[in-house]
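Next come two complexes, and both contain chain A; in the first it sits with chain B, in the second with chain C.
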Partner chain A sequence: MSRKNNMLKQKKINARILKDKIFSGVIFLFSFITISPIIFIIINLISKGYKQINLSFFTETTPDTYEAMVAVSNNKIIPGGILNGITGSFLMVSLASIMAIPIGILIGIYLYENSSKRYANIVRDITDILQGVPSIVLGLISYFWVVKNITNGFSALAGSTALAIMMLPLIIRSTEETFKMIPGTIKEAAIALGVPYHKIIFRVLIPTGFSGLLTGILLAISRIIGETAPLMLTALGSMKVSFNIEKPISAVPLLIWEFYNDPNMVNLIWASSLFLMIFVLTLNLLSKYIVQRSI
Partner chain B sequence: MELIKHIKDPLLELKNLTVSYNKTKEAVTNVSVGIKKNKVTAIMGPSGCGKSTLLRAVNRMHALYPNIEVQGEIFLNGENISSMSDILLRRKIGMVFQRPNPFPTMSIYDNVIAGYKLNGIRIKKNKKDEIVEKALNDVALWDEVKDSLNKKGTFLSGGQQQRLCIARAIAFLPDVILLDEPTSALDPIATKKVEELLVELKEKYTIILVTHNMAQAARISDYSMFMYLGKLIEYGKTKNMFINPIDKRTEEYLTGKFS
Partner chain C sequence: MNSEKTTKLILFFASLIVIFILFGMVFSLIDGAVPIFKKFGFGFLFSSKWNPTEGHEAYGALPFIIGTLVTSIIALLICFPLAFSTSLFIGEYYKGTKLAKLVGTLVDMLAGIPSIVYGLWGFYVLRPIIIDLGFNDQGYGIFTSGLILAIMIVPYSTSISTEIISMVSKDLKEAAYSLGATRKDVILNVIIPNASSGIFTSYILAFGRALGETMAVTMLIGNANKIPVSIFDTGNTMASVIANQFGEADGLKLSALIAIALLLFLISGIVNGIGKIVIKKVY
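Coming up: the complex of A and B.
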């Protein structure tokens, strides 16, 4: 009798083990399906783009259509590069960071310090809404604010403004979350030494949460550097390397769009995309590394 | 109150101190005591009796929270503390917390002189070295860390971190050191070291110690307060209180009838 019972038990256990294995297998499959696009994208970009990546890709500006056509019809690589895009992206992202980082961190600190106040809750909600606003709408807003009223024409400043608005909610929330992670006892230690409020924030809390703030900033940059739509309405694009913030300027994602519209430049699409992808990937990995090291 | 007459020439004097978290609930009710210089005074009582709240009123930590109201007066060396600036008050009254809380971004060295650094008090390098060495010597940490002063404060063990925090408090050469259950997060060996340290430190400083550990109060304190439900029930020499408590509630607490 008891032996029969034991066998029955064993059978049940075996069925459970089988179920467990099937379930693990399904999860594994799904997770593979989830990560497979990024693997295919990277393989695709490398195989199609690597030919165009050479020194001149980083040191020369975009070729004109005729040059590209001649090269393509002779089966040669397209001359020129995306220097104008790289410098443009760099300029606009820097400008956007200068605008968004200090404001974002200060608002984040405000939300942390006054977390339950009514006004803070409103600000937090609006920040969340801002994060959900389509980027092209931000481009339109910047068009009406900056292009029409400040620079009287498409400009790097207008592009940076749109990007800065995109960065703000990301930095605000990451700052607030970072500060929430800092133990309250650290703050109390500073208070007990008679340290004034502003010094507690700038000399104790910000250094303590520095890696968290940096991570938020890096992720925000990697988020905006690939933005195309708002730049079409604001920065427009340019064939030259320019550092004038009142004039139209190029950016890497804008160039990808331009290459797409020119049948002779197709090969440059892949190379530029590869460059952008590697840049964003590096920023993401860097922020991951910073988080891990700080724990 | 008659209790205050126990102490002649108190260094610190609380008069009718009442702390309330909101309009209806008083955490500390009308406490008046004098604290004797160069002694260890323990504040005992069950959890929630207001002992930490009382301690934090002494260096005005409550000022941070707008809904906490503190009434009554506190005198340090006869001077009303409400007339002192935050920095001056906290220079004279240092504080050590329940959990060791060295600044995680600062080295051991910088942690000790954090009070000077963060307040922008400029001192010469050799004076700084002197302060750091003296403070670390006072907390018996110098020999353990003298070769790693540039390492982060959080690199030390829990007991060492707590002694570092005491060093940070005494680097300002305060009159009074407030300790809020300083050993509750430490293991027995580290606890013993901190207790021995406090007994040594009372030569130079006046120590007020909040503890929920009666044995600790008995071991190291000279005077003891027993608080219950926000009121000061009994205050006197520790020996007398443990041998011959006057109030029934004190007796019940000390004999373990409630805790």
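Coming up: the complex of A and C.
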């Protein structure tokens, strides 16, 4: 009798172990499915894009459709490159950084200094709301504010305004988080020495939290550099290299969108996407590296 | 005036900028949306007509509201098992190991890929698969967009869920193990109840992300200004209709697009707000 009981118990235990194993198996399977797209995307971009990457890809502007068509029909690689996109992205991201980083850091410091004030909480909530605004809405806003009222036409300034509004909340939050991690004693020591407040900011807080700030900035840039939708509504795109902030300008993601819409340029899509992805991932990894080194 | 006060004043004025931006944004959107609401009233929200021909102009936001909600819900449904499993993988099964770190990095990389690259990948890789499976002829549509959105939002829900799951106290888990619980029992009866509100929030925030995604959806949804009849039908979302129609828009049509942007702003604001409130209540 007791033997039978034991066997029954053993059976139950085995069933439970089996269920546990199936459960783990499902978890592992789904985890594998989750990471497979990134591997596929990277393999896809590299295998389709590497052919077009050469020196002229970085030093020449986009070819027109006809040139591309001739090259494709002769089975050659498409001449020209994405220089206009690279310079445009560079200009707009730099402008956006100039607008967003100083203000973002100031606001971050304000939140850090007044962390428990009611007004600071409101500012923090508003920052969160801004961070959640879809990028296309920001593009529309920049269209109204800059394209219609300031530059009277699509412009690099409008594009960078949209990017700056996107960047601002990211910088604010990362600044606040960085300064929160700095030991209060360092600041108190400076106060005890009678250092004026603006010097504490520039000589104590910013140097101590520098790696944190830099990480936040790099992540914010990596977030905005791939943005396409707001730029379609503001910067529009251009076939020439331009540094005029009042004129339409191109950007790497905008060029990808143009190539996508032009059947002759398809081959350039992959190279440009590969370039953009490598750039973004490098920024990401770099910021991770900085965080790890500073800890 | 001493420098102390000046510094504080500068900081305070800087903080006014975010408030100015947000209120300016709301003002501009409402201001731009007024003509369409004057003409069609709140019927604009419930109409499914979209006719830009002069003289017969009629605009309604309903197809886009439905398109946005349906694509995002599909994305959430696909995202759920993936993100949940991955966060258990990183935060419980292989917590603290190199393998977990590798998987975590790969998932983070998903968040770094620009929306337009997802669109391309969806167009050239995912769409042919959908066609081969016979779901629909063109491969465009609500389902394809939902699928790509799911991949795009997985990293957001995974990273928050992982953090919450790995925070569940060791004592609780060990107590359950000592009672003879298997890992599955521990996950279902200890980890999930303890981390449920955090996990819930992670999906709310991911949902908020999906609502506003533009490029990838624009490239895959098929851009039809009608209410989709099935999940394999083509459609349009609020974000994709703005991206698509903005180029040729002026007058009443532009106003309609702005009203859609205002709606999108409100809906994603509410969804994100709910997420933030839940996460604040818990921690």
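The definition used in the following text is that the second predicted complex is superposed on the first by the 264 of 295 C-alpha atoms of A that agree within 3 Å, B and C clash if a C-alpha of one lies under 4 Å from a C-alpha of the other, contacts with A are read in each partner's own complex, and residues count from 1 in each chain.
Quick note on the criterion: a contact is a pair of C-beta atoms (placed from the backbone, for glycine too) under 8 Å apart; a residue touches a chain by one contact, two chains touch by 3 or more.
All values reported here derive from a predicted model rather than from experimental measurement.
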item	value
Partners on chain A (chain B, chain C) - clash or fit	fit
Partner chain in contact with A:210 - chain B first, chain C second, else both or neither	first
First, second, both or neither for A:194, with chain B first and chain C second	first
Touch count on chain A, higher of chain B and chain C	C
Contacts of A:68 with chain B and chain C, given as first, second, both or neither	neither
Touching partner for A:183 - first (chain B), second (chain C), both, neither	first
Which superposed partner A:38 touches (first chain B, second chain C, both, neither)	second
Chain B versus chain C as contact partner of A:249, first or second or both or neither	neither
Vertex chain A; arms to chain B and chain C (CA centroids, nearest 10 degrees)	110
Shortest CA-CA distance between chain B and chain C [superposed frame, angstrom]	12
Overlap of the chain B and chain C footprints on chain A, listed as residue numbers	196
Contact set on chain C toward chain A in their complex	3-4, 6-8, 10-12, 14-15, 17-19, 21-22, 24-25, 28-29, 32, 81-86, 88-89, 93, 103, 105-110, 112-121, 123-125, 151, 154, 158, 182-185, 187, 208, 211-215, 218-219, 239, 242-243, 246-247, 257-258, 261, 264-265, 268-269, 272-273, 276
Residues of chain A touching chain B in the complex	183, 185-186, 188-196, 199-200, 203-204, 207-208, 210
List of chain A residues in touch with chain C within their complex	16-17, 19-20, 23-24, 26-31, 33-35, 37-41, 44-45, 103, 106-107, 109-111, 113, 119-120, 122-123, 125-130, 132-137, 140-141, 144-145, 165, 168-169, 172, 196-198, 201, 222, 225-229, 232-233, 253, 256-257, 260, 269-270, 273, 276-277, 280-281, 284, 288
Footprint of chain A on chain B - complex, ascending	59, 61, 64, 85-91, 94-95, 97-99, 101-105, 114-115, 117-120, 165, 168-169, 172
